[in-house]
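Below, each structure is written out as structure tokens.
In the two complexes below, subunit A is the common chain; its partner is subunit B in one and subunit C in the other.
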Partner chain A sequence: MSANSWLATGNFHTTYQQEQKTFFTSLDRSVFSFFLLLLFVWPLLFPLSNKYMLVVDNILVAIVAVMGLNLVTGFAGLISIGHAAFVGIGAYTVASFCRTMGDSHIIVTHFWPVLIVISGLVGAGFGALVGLPALRLKHLYLAIATLSFQMIFQWVINFMSFFNQGQTIHVGRVFWLTGKVGRTDHYFFWYYIILVVVVLLGFGVRNLLKTRYGRCLVAVRDNDRAADAMGMNPGLTKVYAFALAGFFAGVAGALHAYLYRGVGFESFTLHESVSYLAMAIVGGLGTLNGSFWGPVAIKFLDLQVEHLAEIAGQYLPSSMNLATALKPFTFGLVIVLFLMFEPRGIANWWRIAKSYTKLWPFRY
Partner chain B sequence: MAHLNISDVTLSFGGLKALSNVDMTIEPGLITSIIGPNGAGKTSMLNCVSGFYHPTQGDIFYKEKKLTHASPHQISNMGIARAFQNLELFSGLSVLDNLLLARHQNLKYSFLQAVLFYGKASRVESENRSFVEGIIDFMELEAHRKSLVGNLSYGVQKKVEVARALTLAPDILLLDEPMAGMNQEEKEDIVRFIMDIQKERNITVVLVEHDLGVVMDISDRIYVLDFGEVIGSGSPEEVSQNPKVIEAYIGEE
Partner chain C sequence: MSYFFQIVVSGIVVGSIYALAALGLVLVYKSSRVANFAHGQIIAAGAFITFFLTVNVGVPILFSFLASMIITFFLAMSVERIFLRRLIGEPIISVIMVTIGLASIIDGLIFITPFGTENFSFPHFLPQTPLSLGGVSISWTQLVGVIITFILIGAFSWFFKKSTIGISMRAVSDDQFGAMSVGISVPRVFGLAWATAGLSAAAAGCIIGNITGLNFETLQAFGIIVFPVVILGGLDSILGAVVAGIIMGLIQQFASGYLDGNFGLNGTGDVMPYIILLIILLFKPHGLFGVHEIERV
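Now for the complex of A and B:
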């Protein structure tokens, strides 16, 4: 190829391997690398206070979770209303290690990367288990099955003394190469860890979607009868989709547990499940980059609404408690507006923007 | 030795008998057609062979292997591919992806290799891509390679449907009314493709079709179904002389 490797125009692929590339032009690759570098560098240049760093960390954790949800709901077309429960499974995997061995046991504090992977695998296991009804159920009925899993999860956590009846279970501070990660560095440290996880998983999904393991998801979404005739086992594929989502959720849960240094059940309620779903819809179902846009947009909106409520609170009587009313209101409004005017989500704007630049310097 | 042996197959839904005591043998390398009036059980027959229905009685053998209770994906992996009458394509995907999906079982690499997309996964994917390109070339779909299937015209979608079944590299191809709803030109196209599939690729074709002119012209063997029973079989000449067949199609005087 290569008339000019910086432009898409005028370049033709000569082998099928060239067409498999994630980045087609040098421009794509360098813009992406620069953006990635920026993500790694900015906290050093503009240090945020702990409060805002936590918000940023939260967004990253949500991205991990929504990537999983997007695989099962966006790509495989199986609505899951129990995603927060899977995230909870991951978090409570870490918590049960803390309960049985003590929250500052060496496994919890030194081998946390292993524990994060284990949480992911436990999440995948539960995902496969909850996915089993998908062998018989479809559409709304399946959604109800996942909803019931959410309820079962909440009840189990609330009534088992092993899980402290849903009260916070403490998780100890972790160690890094430089020693114990202290109070001042905590959110800063986890920002980098979660960012690395996001990047790794993001590339993993990008690659997966180019192979049979990704395509079979879309096949059962579009037409599971035909998928069956084409040599895929649709039932197994659906269970696999749930397991995949469970893995992402489990990892997100473990990261959440370490980030908050504690696990309590209120972070994994039905409300959270619905917000994950909202993030996936706002970002764009069935797209990889949608899993990034959605959490950023929703969490950023949340922050702005909080600010607005604070300002308005100064002029209004405190009994009105504007923040609690405004948050669900804007949240609902945004989802309704997106469903009405841009059901394909923010990812669609990104697609349109990219298609404009693709033909440059020609107009069409 | 027959390729596909359907012996004494009965399919009933409650009290309704869709097929009763059907016997058929599909010989290798030939075009075998199944014809009959509406509701005669032609598609039910194909559904039984491809595993979407399981016969209530009787057996289906393919090269000594029993297919009677196998599921569709097992049957397609044995080498029996099927194109649907009402389009059952993956409408949200491009033509290329639709065809690549049919290569599912031929893509041999592990999950981990897929996630890393390094070495084997990449090589196997590009090998299969060139196989798929061969099919695209054969079915003359080059212009539509990257377009979403849902946006294509009906005639082209029918062609994609046949192409997708071909991509499975089958021994037997079951075509369910590939010419329904097409104009004369598109019909001629499809007929040419069917003959090429048989001659160049040595694939046994089982054709369910309403257009009697086409069926009489290209079939090597014909089975006529009426109310779930075989009322006639043989070469096109034999069938067209068969009084029972004439009665079923034209009616008594």
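Now for the complex of A and C:
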């Protein structure tokens, strides 16, 4: 490490341990700790209404899912157009517990952390299963394989009466140390739970990328033949990547189920898969902080478009359904513009800003 | 037995439409290696333009059919010029996502018009009584639709085999550098491939719209269902698209004709193509007629 523990002016690592560190400088650590503290404290200082708290919670759930998608699509370079199906598998794991044991069974309401982990594991299992074609397929073919998994998932949910034919399956209210989490505290409570999950998984991803396996992922993405020649197992790495993505998605799905206190088919359609992909791309593929920027940007955009459509709806004839038209239009436009002008996503802006402040007042 | 033949007939009707819809996807993939996820939206747009011209403007249907083909020809060409030309050489995820984004944009544009939410049906211009032969019946719309489809597929095949543009398209799909060195403008060929794909999509849209009525959801779903078809046929084979389209139509009709309601199953016609798609991808990823280019990892 450089002599100055507050400012890093370059890479001065002399041992592997130094490179494995999560924070390179004290400034890094203090800024991060302050930011984390802020995330935990702000809901106490500025209590939001339930409607907006739900939006915030939604963003956090999407962050969990997109972190998984970023592992498989960003770091391993395998396109997955079926991520919402994995999220759905997590959610329907919780739902099937509710269906078999009743939605207020003690396992559902008291042991929900266990259920969330179980959902993640089930998601990981399905992820590995869907990842098996990755042993043989690449690029477009793999994308279409995941697409077909998405369609099969949708059909199974719509068809099986065990899953209520895709209609909402109710999930009971959970208990915390202080007792049942009531209507007023519900979104508030889940904000903290999901935030803790996001922080844990975020550190997990961050550390994963510094392990042998994480470096395997990137190596396989960049050139799988070279990776093979260097003694890695590209096929197994890809299957692992899908399993990991499945785990993240499963956890996100279980959180989604608890947050909405119900599981319905419409949250896990092809459209949702596409919007997870869009979040990953807008945030920045292959970057960890991109998985945070992307969902925030896309959900915020959604909210603003809704507002705009509401305002415009007052001046336009009611026959023109502007809200349904504006949403896909802006969504598509944002994806296309980002891909055309900033393919590295918002994370790139962050990188530019960071290097600018680091070097100021010099250009380079 | 007539039930069996009825299913065969309807399978061929559905299958030939799949073939026509898949043709456009194959064209674009063959020349520029882009999988177009906005194909369903172009199909829908073609159908809506035809309907608008026929009903609201009052053009005879044959002319509006041709007019919508010409309009989508230029529409698809400009889409390629504006959005995809910049992405030549970008990673495949960018290209796929741009077409998905385009699909979303076209969705938005269609939702502004009444076509997005309401259902319409074409005015009848053919005899209403279905043609029946030995217990097997086929409506005139379906019959004419299939005939037009086969004429169009024949025309496209001729276009690729014989015309200069078709030959240059095949040259580009074989070897881009080789094509450049003999004086073919590769970007122009990409544009033309998109344009012909748009043209065939509009034709498919019109025929589907005439047979099933105009519903945005159904029309757009064709853009996804063509993926199993093109994978079965091989992503870069026109003959494959036609054969696989008909096979897929037959499979779908047989599945919904014989499986639905028998083993407690329902809606198998919708899921069967994707199950077959997965099986094909696992065991024969280049499809029936595709070029063997898949590498083992």
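Heads up, the rule we're going with is that the second predicted complex is superposed on the first by the 346 of 364 C-alpha atoms of A that agree within 3 Å, B and C clash if a C-alpha of one lies under 4 Å from a C-alpha of the other, contacts with A are read in each partner's own complex, and residues count from 1 in each chain.
The rule is simple: a contact is a pair of C-beta atoms (placed from the backbone, for glycine too) under 8 Å apart; a residue touches a chain by one contact, two chains touch by 3 or more.
Only a predicted model underlies this, so the values are computations on that prediction, with no experimental measurement involved.
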Practice task
Could you tell me if A:104 is touching subunit B, subunit C, both of them or neither one (first, second, both, neither)?
Solution key: neither
Practice task
Look at A:147 in the shared chain and tell me whether it touches subunit B only, subunit C only, both, or neither; answer first, second, both or neither.
Solution key: second
Exercise for the section: With the two complexes superposed on chain A, say which partner A:331 touches: subunit B (first), subunit C (second), both, or neither. Expected result: second
Problem - Superposition-derived comparison: subunit B or subunit C, residues of subunit A touched - result: C
Practice task
Quick one: classify A:155 as touching subunit B (first), subunit C (second), both or neither.
Solution key: second
Exercise for the section: With the two complexes superposed on chain A, say which partner A:50 touches: subunit B (first), subunit C (second), both, or neither. Expected result: neither
Exercise for the section: For A:210, decide between first (touching subunit B), second (touching subunit C), both and neither. Expected result: first
Completion exercise
Contacts of subunit A common to subunit B and subunit C in the A-superposed view 228, 234
Problem - Touching residues (chain side subunit B, partner subunit A) in the complex - result: 50, 52, 71-73, 76-77, 81-82, 84, 88-93, 97, 100-105, 107, 109, 111, 114-117, 121-123, 125-126, 129-130, 164, 168
Handout entry: In the complex, subunit A residues that touch subunit B
Key = 15-17, 19-20, 204, 207-208, 210-216, 218-219, 221-223, 225-234, 286
Fill in the blank from the handout: The subunit A residues in contact with subunit C across the complex are 73, 77, 79, 81, 132-141, 143-145, 147-149, 151-152, 155, 158-159, 224, 228, 234-235, 238, 270, 274, 277-278, 281, 285, 319-322, 324-336, 339-340, 343
Fill in the blank from the handout: Per the touch rule above, subunit C residues touching subunit A in the complex are 35, 83, 86-87, 90, 92-94, 96-98, 100-109, 111-112, 114, 116-117, 224, 227-228, 231, 235, 265-267, 270-271, 274-275, 277-278, 281-282, 285, 294-297
